[in-house]
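By written order: A, B, C, D and E. Residues from 1 in each chain.
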Amino acid sequence: MTATGMSESIWPVYTRGLWRENPVFVMQLGMCPTLAVSNSVINSLSMGLATLAVLVASSALVSLMRNVIPKQVRIATYIVIIATFVTVVDYALQAISLDIHKALGAFIQLIVVNCIILGRAEAFASKNSVVRAITDAAGMGLGFTFALICLGAVRELLGNGSLLGFDVFGPQFEPWAIMILPPGGFFVLGAWLLVFAWFKERSARTAARKEPSHAG
Amino acid sequence: MTAHGSILELQVSPHLHTKVNVSSIMLHVVYSIVPVCLFGVYQFGWSALALIVTTTLSCLLTERVVCWAAGKPSTLGDCSALITGLLLALTLPPGLPLWMGAVGGVVSIALGKALFGGIGFNLFNPALVGRAFLQAAFPVAITTWTPAGAPQRFTSFVPSTFAWPFSRPASVDAWIAAAGVDGFTGATPLSLQKFSHIGTDIGDLFLGTTAGSIGETSALLILVCGIFLIWQGLMDWRIPTAVLGTAFITSLAFYVLNPGIYPSPAFMMFSGGLMLGAIFMATDMVGSPVTPLGVWIYGAVIGLVTVVIRLKGGLPDGVMYAILLGNALTPLIDQWTQPRIFGQRKKQHV
Amino acid sequence: MLGLLNQWRRTFSHGLHPPEHKELTAKRPVVRLPFPEVLYVPLSQHTGAPAKPIVRPGQEVVRGEPIAEADGFVSVPMHAPATGRVRSFEAVPSPRGRLVRAIAIDVYPSSDQAVLYGAPQDIDAMSPAELILAVQESGVVGLGGAAFPTHVKLRVPEGKHIDTIIVNGCECEPYLTTDHRLMLEQPGAVLKGLAIIRKALGAERAIIGIEANKPDAVAALRSVIRPEDGVEVCVVESKYPQGAEKMLIKSLLNREVPAGGLPVEVGAAVFNVATLAQIGELLPIHQGLIERIMTVTGEGIERPGNYLVPLGTPIRDVLRFTGLREGNPRVIFGGPMMGPTIASWDTPVTKGVSGILVLPQAVPENNGSAIPCIKCGACVNACPIHLNPCFLGQLARKRRYDAMDRQYHLLDCFECGCCTYVCPAEIPLVQQFRVAKQIVRERKAQA
Amino acid sequence: MPDDSITYILLNSCIINNFVLSAFLGICPFLGVSGRFETASRMGLAVTFVMIVSSLCAYALNLVLVSMEMEFLRLICYIAVIASSVQLVEMVLKRYSPALFRALGIFLPLITTNCAILGLVLFQTFKGYNLVQCLAYAIGAGAGFTLALAIMSGLREQLALHDVPSMARGAGLTLMVAGILSLAFMGFAGLGN
Amino acid sequence: MSEQAQSNPLVRRPVAENAAAETRKMILTLSSVAALSGMLIVGVYQYTLPYIEANREAMIEKAVFTVVPGGVQKRAYGFSDGAVIPDPASAGFGERFYAVYGEDRSFLGTALEASAQGYQDTIRILYGYSPEKACVVGMTVLESKETPGLGDKIDLDPVFKANFKALDAAFDSASGKLVHEVTVTGHGKKINPWEIDAISGATISSKAVGAMINRSLQTNLPRLLPHVDALKENTP
């Protein structure tokens, strides 16, 4: 299984996570942090980057050690590795900005149980070379960040009238508080998933329409 | 003998059918809501009328657009969107900006109904989904009240009514001051009771000359309309009975324990949205259980949660949340209260 | 509490009150219908094995003569409904639409159609076992509509005892008035039949249950009952489906027949008044069942009334006599709540057909737009068996038949039609359940 | 009601700030196993079990870590505690209640990566709860999780019978329903004042 | 790989030896990974600690100097059995306070922590108290989950915050109580200096702030006021 992938270009490995197998929108993984910290773009971005860092680092290490880790204890090893990097990121973030750390709260530490990371470690990094593992992790991490920003942008724009903290609609704008509240998180993510499902359905329909014309 | 050569129509029994159908049910509900709307307009003036019209149009338009987008025939004829629009308006404060009302209408139909597959498939009362959305989205505007019977209500609109879409509504303080209503503090009887421990005359509550949402003020009128529906056999009398009964008993228990702090059961029954919710909202057929026992449990849950939120919670009124919770519990209640069938000896455990 | 109230009112819980439409024929005495040119006597007019013919084509038959014999215990013989010549064995449509084998008889137009067959027998001297045999020989089946061979009901299983005989004079189906007329015109025959059955079963009590909308029938029966007969006449609430066995037992005795069980399990047996009247008439003279009373009514009939019709008369001939209005009609065998529509004008009248109802074509009330279930619960409050048709219907839409059977007692539905009648969304619930029951039974048979 | 009383902690973690609907913890199982009531309630039960066990273990562990001034190892230790709690619960159940073990069966291993558990032990540490408060917190959170899952499963069983538009089938619709539930639970805000 | 695949499956290596080797390898890997992680974490912890401390200090300073206007220097204290001890290592929330000093090293007042249950969850605040003026002189919210647009006005609404610029908190040392309890009135009804004008529509949040300040003053003033002179002298 490793051999077949080797000759392939690395680009599809990278883009896969961004769009086609986007961890949030398509594979519906890592929903908890997605919903919890996406009430503003800056929080989304920080959370996305923190996850990206953990993802890349742990994928790299798992891939490096893939031949020495015994099968029976691999999950335990992965979790230790991930927890280590999460702790590192946690302290790093505290050193960079306490405000952001406070806004993200426990969800930084909860990256440990984000299924994306363990999932990539188990499904990809443990079977692929370091370069490919890092590429894949970066793709997935960026895809996750992208999804978070999608959510954060809508929620901040409607919920606060601003984007990245800059006022967009002027002082007369009446913010939709619900967008910052928990229900808003559910609604916006749900709406994004509906949009994706609609796209998928439409492209499936177009594809179906094209097929017979080819045959004819 | 020509008839004997004619085509025989094959149909399955039964060959008789009751005259009641979905459209006639819905139409009667509309008839019973209209007086409540008219009274609301009488009490709160043109602004209330504008809001009722806006939410209704918004609901109808959304329903039409949804049908068009799904490529289905129009379902406006079943009147359910009309009911949703009217009911939504009845739960809103009269001075709410029209654009917020329109947002509420869109949310009610799109999120509360169309998403689940349209009429008959909505899990929650659509009007309450819209109302709860508005409550969470615009907490200030939706708790800005105007007094009932303000003298200028038919000569001017409440200033907040015509706020530009997405913009902050204008202050209503000057308008209220111009009304010259003594001691009006912009609070409903329930919030006066909860936050300031000021009671309101039960007679006023019963007749509906107090501040509040457009349609919730007159307990008497709502009762009359509800009795009309029950008499027509178009409403399940057990649900309002269970809701009001439980609310009465629970508030009586609180009142007996500590009459100094807790309001009287009569106040409970006639204030806020309890009457409107019990009669028009909780009885929404789609979101309520169908089993005989389930209906009572459902009503009791709503009554209990309402009183608990009112007396112990942070909000002055909790009817809306109680009914949404009741709706959420309905499938489970239905499953757990399957009736004992004829001739079945003991309840089988599934 | 509600149970007590129901007992006091002599009724069961749930059910409904459809418009009765009985005024069309209730006042019209029974009239004999002329014999048609050809009679088609299906060999399977009852529940159970079809009868075996004992005549050949070309053979001459006398009115009342046995033309087919019972094939086993759950089967009854057939008798010639008219004097004539057997033409052939033909396939004719049954009321349910299936093709069944029938004996076609060319009726002699010149015959006086007197019943020459049969001889008096001493009922009082016969033992219960002999009575059961005599009932089978008479070919009588449940004339209320079920067409279940009556003698089978008379043989009580080992260890069971029937203490009460219930006579079903409810006729809860709208439009139908056959039982009503019969009770008015032949109350003596009913009592006679009841006495015979009672002897065969050795039952202590006998109750005649009649709906409150037929006070004249109650009076007629009471007038012929002597105190020493020990027969009670009970008035029960006019409510559909009061005439269903289980419902009537509940109303009169407050006993619930176990789900999936038979009335004998609660010590009761139910007989239709028409069945008893036929037994009372036929057994003493040892004759067979050759004709029955039926109501021909409905908006599509020119001369509605109650008619005595020879069995095997094609519906075409019945309607020729009663007149049929123009239009595309729905022709229903039996009452409007449970009766099937017929597919052919050639369908012959059989023992279980209590009426022919001709209604104009149905106009869908919701303008044809399909509205799904709005979960109003009307069906739940109508179902006399206390099923949950609302949920069953939702499951049926998604073809979850196994769940319907396992969790929601699908097979206990007896297709009374109450749920469909009340459904404001006009969902054909009963039809869905019929299909579902069929599928569930097939699956069970395969398993 | 003081905010550190047992009743308030129970109420708060169960309905006021429901773990799933308000704190966004345990969303994955909430979306994943809420299709049928039976599985949902078993999952809820299993999570509640593990929550109680790991909450108490984590409380003890935190005392040790604080006394040794090794708070920086907290996360790794907590994860280890949760994983072993799951193992422990699995073993105890297998030994003493095989029926329940069979019922919870496949859900137990999944719980290790359920963020509601880690969230619970982290929050109880941040809030500085004592042993009894931790227990109340775990019970409340477990009850809240089970409640949300049970309600959702009921609704989804009902939705399975509905003609939901094709594009709305799946997680999108479940999230929307969760949003409405979350709205409904907002009514409990301020409870106990 | 290919060699193994071709080897005769009937010839097996001894199982026990194999298993022991496996176990050894497992333990070795796990412990080395654990050791590696431990080292990494300790390293990062040591490296980031000063930065984190600095951040935390800056954050506290910002809050403290907001609630005690004019403050430029502060000193942390903790309550302990009737005494105040400087620079407490492990005082819990509410058990710690800061003495604030102005540019001329004069004692301006103290910043105290308080918390209470709000509308959605616990609200934590820091408020400034000036013993000289016998007043609360400022308030800032440290942590709250109150409703955006409504309850969160306790931190954002300047009108509400103006309540705390000179909130009367005179203490009667004879009775050991505040002369006037701090109370929250309905919106626009504030008359006396010890009253807090509630935010319209956010009564519960407003009341929570009032109640927590009142409670904190009642408990903390008796144990703080005796040490004011010491705080004055003990300039940083």
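Keep this in mind: a residue touches a chain if its C-beta (ideal position, glycine included) is under 8 Å from a C-beta of that chain, and two chains touch if they have at least 3 such contacts.
Computed from a predicted structure; not experimentally measured.
Visitor: Counting hops between chains that touch, how far apart are chain A and chain B?
Guide: Tracing touching chains, the least step count from chain A to chain B comes to 1.
Visitor: Quick one: how many steps at least from chain C to chain E, stepping chain to touching chain?
Guide: 2
Visitor: Which chain wins if you rank chains by how close their C-alpha centre is to the centre of all protein C-alpha atoms?
Guide: Closest to the centre of all protein C-alpha atoms: chain B.
Visitor: Could you work out which chain's C-alpha centre is the most distant one from the centre of chain E?
Guide: Farthest by centroid: C.
Visitor: Average the CA atoms of each chain to get its centre, and name the chain whose centre is farthest from that of chain B.
Guide: In terms of C-alpha centroids, the chain at the greatest distance from chain B is C.
Visitor: Distance from the CA centroid of chain A to that of chain C, rounded to the nearest Å?
Guide: Result: the chain centres lie 70 Å from each other.
Visitor: Roughly how far is chain A from chain E, going centre to centre by Cα mean, in whole Å?
Guide: 32
Visitor: Between chain C and chain D, what's the gap in Å when you average each chain's C-alpha atoms?
Guide: 60
Visitor: Nearest whole angstrom, what separates the Cα centre of chain B from the Cα centre of chain E?
Guide: Distance between chain centres: 44 Å.
Visitor: Two or more other chains in contact with one residue: find those residues in chain B.
Guide: 111, 117-118, 121, 133, 136, 138-139, 314
Visitor: Touching two or more other chains, which residues of chain D qualify?
Guide: 72-73, 76, 163, 168, 173, 176, 180, 183, 186, 189-190, 192-193
Visitor: Can you list the chain E residues in contact with two or more other chains?
Guide: In chain E, 37, 41, 45, 119, 147, 149-150, 204 touch at least two other chains.
Visitor: So, with touch as defined above, which chain pairs make the list?
Guide: Contacting pairs: A-B, A-D, A-E, B-C, B-D, B-E, C-D, D-E.
Visitor: Which bits of chain E are touching chain A when the two form their complex?
Guide: 22, 25-26, 29-30, 33-34, 36-37, 40-41, 44-45, 48, 51-52, 55-56, 58-59, 147-150
Visitor: If you look only at chain B, which of its residues touch chain A in the complex?
Guide: Checking each residue of chain B against chain A gives 111, 133, 136-139, 141, 163-164, 166-169.
Visitor: Flag every residue of chain D that touches chain C in the complex, lowest number first.
Guide: Where chain D meets chain C, its residues are 160-161, 163.
Visitor: Considering only the defined contacts, which chain B positions touch chain E in the complex?
Guide: On the chain B side, the touching residues are 138-140, 143-144, 185-186, 191, 195-196, 314.
Visitor: Where on chain B is chain C touching in the complex?
Guide: 1-4, 6-18, 20-25, 73, 75, 77-78, 117-121, 236, 285-286, 288-292, 295, 334, 338-345, 350
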